[in-house]
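These are the structures, in structure tokens.
Here come two complexes built around chain A, the first alongside chain B, the second alongside chain C.
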Partner chain A sequence: MNVAGWAQIVLFLVILTALTPLFGAYMARVYGGEPIVLDRVLGPVERGFYRLLGTRAEAEQDWRGYARAVLFFSAASLAALYLILRTQSIHPLNPLNLSSGPWDLSFNTAASFVTNTNWQYYGGETTMTNFTQMAGLAVQNFASAGVGIAVLIAVVRGFARRDGSAIGNFWYDLTRTILYVLLPVCIIGSLFLVSQGVVQSFSGPDTFKTVAGGTQTLFLGPVASQEIIKELGTNGGGFYNVNASMPFENSTTFTNFVLMLSILAIPAGLTATFGRMVGSRRQGWAIYVAMTVLFVAGVAVIYAAESHSTAAMHAAGLVGGNMEGKEQRFGIGSSSLFAAVTTVASCGAVNAAMESLTALGGAIPLANISLGEVVFGGVGSGLYGMLLFVLLAVFLAGLMVGRTPEYLGKKIEAREIKLVVLGTIGVPLLVLVVTAVAVATSYGKASIFNAGPQGFTESLYAYTSQANNNGSAFAGYTGFLQPNGNNAGSLTVTFSQLLGGVSMLLGRFLPMLVALAVAGALVGKRVTPAGLGTMRTDTPVFVVLLVGTILLVALLTFVPALLLGPIVQSMTNQLF
Partner chain B sequence: MRKDIRSAVVAIVVMTIVLGLLYPLAITGIGQVAFPNAADGSPVKVDGKVVGSKLIGQDFSTGPNAKRYFQSRPSVTGYAPNATFFNNRGPNQATLAVQQRRFVLDYLQREQPYDPDLKASDVPSDAATTSASGVDPQISLANARIQAARVAKVRGLPIDRVRALIDENTDGRFAGVLGDPGVNVLELNLALDAETRR
Partner chain C sequence: MRPSRRRSEALAMTIATLLSWVGGGVGGDIVSVVLAALVFAALWALVRGLEHV
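Moving on to the complex of A and B:
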């Protein structure tokens, strides 16, 4: 640990906190339909797109109609991506002559990118053509992020509006997200990345003689344009197998810092958008503070843990911090911060090998994901997940003081609470069941690479990450038998791919539908003015209550599992 | 229902064309014009021939001249930038301990003849651990300073000159706080070659 490392963490928090109200206010204008600068250029494009879709901006839907549009769009996305993956051998921009994907890998990958997970059972540069990366994977990086944000905005309308049943028009929210939020940032961001050395080229691959007389082959591609949306949309799927540790994806500590900010910019900014839309910015800040508290606690533990050596290093006679699986330019400080950022957000991009983290350092990313990706979380999905926890906290407080719980003046009744419980414990239950299946069957066990507790952690991490739509991995899991275009895979691989693919779909759409249903139940409710007995939800007391509720529900579910894996390893120098 | 299906299909087709083709092609066009060298992987040329990329580490440990060069960090991929993967051995794995022990012994074997006091506990962490990308272009300053003794002796250069070249090829922390300082091994070795040739 050093001063620069801590200073970098503080600097990151300061900039993120400063960006939050700015970005939040801009997004509130975008979804409120207020005039923005880009209107002049993009307005005609936007209106033309609505005409093509056969919709009108002001044709609003109730929650069922909204959910139906979301599901049809996601189904079309899934089908389109699956088709591209299965036929990539006949597409252009395939310099390595890669063959098409096998059905199981293509299903897992399509589910992965449509659900904003970006779990990768393949190595990008050796499996995917440039055409697939651009027209298949990167398109879903935009689309799945757009869906998440659109749904969140609809859910917030459920809290903000006072009558009727309409919560917005999905096509309007999706289009404006992509045109006014994602695309402008991506254009500027990708050009910045190129200027710093992130590649963007269709030439090559070039093989040459190295200085010492060996050979090396540089594989280039449209990386920068995909790298920026991969972080901004909390997607996380790397162009290269080693993701953002690859210098061609993340060349300097400066690009690294900008990428970390772009991961959290939208999830953080949306808390401010929420505050503005419900008419009380303090409500947004309360949620931002609760998220930040949990985030900072995790960063501190990872940084401290990684500054120590591992059991293997002890045995090898090595001293110093754990540089295994880390890049020199990022060092321990930037690698630790990135590991925390990418797992509180459901991004899953990595700039260091997660499996090589110290035992305790690796426990934090796993715990972050276990919280249900509500601490910032995925773009949109993080905040609607968090709002379910807010309702749960309000309900628990209501039970304690014996009053009907209300939030933002709306009474929270039996229907909402039933939905909230389904939405908050559904995914943790899914994770535990699926992990149990994976570690108790021979098909699942064959995917494990590391021995001892680490092998269990690999499995738990794999399904926690997929079901919560994170996408980072303890990459030894199936990493040693990674399928590629020329390897149709064994039954073992098929098993893990199907189990993971189904987990990602359930983990994405169950909480999403629950959140929309809650919005549908709340939208028409009258607002009662706050009285003396009303519990305020914009105070430090409520922040503590909210943090406590999240830890209680999400983390406690996983403490026994965490004990069996990373915690037991952190307490011993035993080698396995 | 039918209308939703139609909208969904049209949306994904339009998005594939605009976001999947026009956007990356436009960025490629602008990037290639504005930052041609960076967009093409920052190639490094010697006598007009590409010998590497500034951003990609390479192997200096084989061949007759290995001792004349600073050595990159260990790599599980053989420094392949076109088929990357992680080491993926956990913190308590016996196989990792064996691997790291071998890296320590290799390092000592190479450097001890030129630095007799060097012990295992002096070996910098980055010198005996695999990098994430397998093509880490940098090593730590501590690592470079230890190797300097060997390189100076073998090349017959004054140690101060080698140290000065290390400093010239070190990227500091960005803005004073971001990341860790690192020495670019390829650029340092090329600078040494240029120095010795002169």
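Moving on to the complex of A and C:
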């Protein structure tokens, strides 16, 4: 550890905290229908979309209608992306003459990008054509991020409104998210990345002479335009197999810093949007602080762990920090911060090899994901997941003091708590069941590369990451082998592809539907004025209670599994 | 050549072309479609189920 590393972490937090109210205020205006600068340019486009969809902005839906629109749109997106993946051999922009993807890889990939997971069993530059990257994967990066944010806004309306049953119009929220939030930032961000040397080209692969005198073929493509939405939308799927550790994707320490900020900018900003929409900015800040506490704790542990050598390094007589799998350009501090940012945010982009982290350092990303991706989390999905935990914390506090729990003046009753329990333990149960299936069957074992606790951790990480829609991976776990390149002769582990695909779909939509149902249950409730006996939810005491609730649920669910993997490994002298 | 035979040959050619586009594994495509349909049908049913929680 050094001062520069800590200074970068502090600077990151300061800038993120400064950006939060700015982004939050802007997004509150976008969803409140207030005038914004971009109206003049994008207004006609927006109205054109509504005409095309046959909807009107003021035609609002109840939670069931909203949920069905989400499912319809996502199913159609899945079908469209699957079709693109399966027919990519005949598409334009295919300089490598790549064949279409195998059916099971296509299913997994389509599920992955539609659910904002971006788990990748393939290497991007050797498997996907430029057309697939742009018209398939990047489009879903926008669409899936848009769905997450739209659902959150609908859920927040459930908390903010005081009568009726409507929580908004899905098509209106989705269109405004993509047009007014994601696109403008991505256009500016792409130009910034290109200015820093990130590749944006259709020219195909190029051969370079290396410093040592040899030659090397490097793949070029439309990288910058995909890179920015990949981070901003917390998608995470890289154009290149090595993701943001590739200089063509993440060229300098400056781009690295900006990319990390862009991962958390919207999830953090949405806490401020929430505060504004419910009429109390302090409520938004309380959630932001709870998220930040958990985030900082994770960063500190990873940085401390990676600053020490591993058992293998000891055996080799090496001292110093663990630089295995890390870019010299970024070093330990920046790699640790990136690992924490990408796993609290359900992004999954990486600038270092997660597999090469120390046992304890690797346990934190796994633990971050295991918290349910609510510490900032995915765009939209993180905050609606966190709001379920807020209701659980309010309920626990109500039990302790013997009062009817309420949040933002609305009574939290049996129906809401039943839904909250479904929403908070559904995905953890899914993770544990599919991991058990994956490690206990011969079909699942085909994907495990390493033996012992590392192999178990790879499996646990794979399904925790997929079901929680993160997308980062411990590299040893595989479902796709491409011996000849060009997708020719590729072999897949069908079991892992399908199990992962189904896990991503259920892990995405189960909490989403529950959150919408909670919004539907709350939207028509009357607001009771705060009295002397009302527990405040915008104070440090509540932040502590909320953090404790999240940790309690995660610990009770995942500690036994973590013990079998990274924790037991950190107590042994295994050389990997 | 009889019209019905021409149609059969055209159909066979079309299927062969489609298979070359996707690189085989049409049986797998059916599995994918059925699996996705089952998952979304379950989620659709869940919306109704959550009303009764």
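What we mean here is this: the second predicted complex is superposed on the first by the 552 of 576 C-alpha atoms of A that agree within 3 Å, B and C clash if a C-alpha of one lies under 4 Å from a C-alpha of the other, contacts with A are read in each partner's own complex, and residues count from 1 in each chain.
We take it that a contact is a pair of C-beta atoms (placed from the backbone, for glycine too) under 8 Å apart; a residue touches a chain by one contact, two chains touch by 3 or more.
Just so it is clear, the structure is predicted and the values come from calculations on it, not from any experiment.
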Report task. Considering only touches as defined above, state whether A:V544 meets chain B (first), chain C (second), both or neither. Result -> neither
Requested in this report: In the overlay, answer first, second, both or neither for which of chain B and chain C A:S309 touches.
Outcome: first
Requested in this report: Go through the superposed model and pick first if A:L506 touches only chain B, second if only chain C, both, or neither.
Outcome: second
Query raised in the report: First (chain B), second (chain C), both or neither: which does A:V514 touch?
Result: second
Query raised in the report: When the two structures are overlaid on chain A, which partner does A:L498 contact: first (chain B), second (chain C), both, or neither?
Result: second
Requested in this report: Once the structures are superposed on A, label A:R64 by its partner contacts, choosing first (chain B), second (chain C), both or neither.
Outcome: second
**Report entry** Per-residue contact with chain A, leading partner among chain C and chain B
**Finding:** B
Report task. Have a look at where A:A75 lands relative to chain B and chain C in the superposition and call it first, second, both or neither. Result -> both
Report task. Using the superposition on chain A described above, determine whether A:L556 touches chain B (first), chain C (second), both, or neither. Result -> neither
Requested in this report: Kindly classify A:A18 by the partners it touches after superposition: chain B alone (first), chain C alone (second), both, or neither?
Outcome: neither
Report task. Share the list of chain A residues that count as touching for chain B in one structure and for chain C in the other. Result -> 68, 75
Report task. Would you tell me which residues of chain A are touching chain C in their complex? Result -> 64, 67-68, 71, 74-75, 78-79, 82, 86-87, 89-90, 99-104, 106-107, 111, 415, 418-419, 422, 487, 494, 498, 501-502, 505-506, 509-510, 513-514, 517
Query - Residues of chain B that touch chain A when the two form their complex - result: 1, 3-16, 19-21, 23-24, 26-28, 30-32, 34-35, 38-43, 46, 49-56, 58-63, 65-66, 69, 73, 79-94, 96-98, 100-101, 103-104, 120-121, 123-126, 128-140, 171, 173-180, 182, 186, 189-190, 193
Query - Residues on chain C engaged by chain A in the complex (per definition of touch) - result: 20-23, 25, 28-29, 31-32, 35-36, 39-40, 43-44, 46-48, 50-51, 53
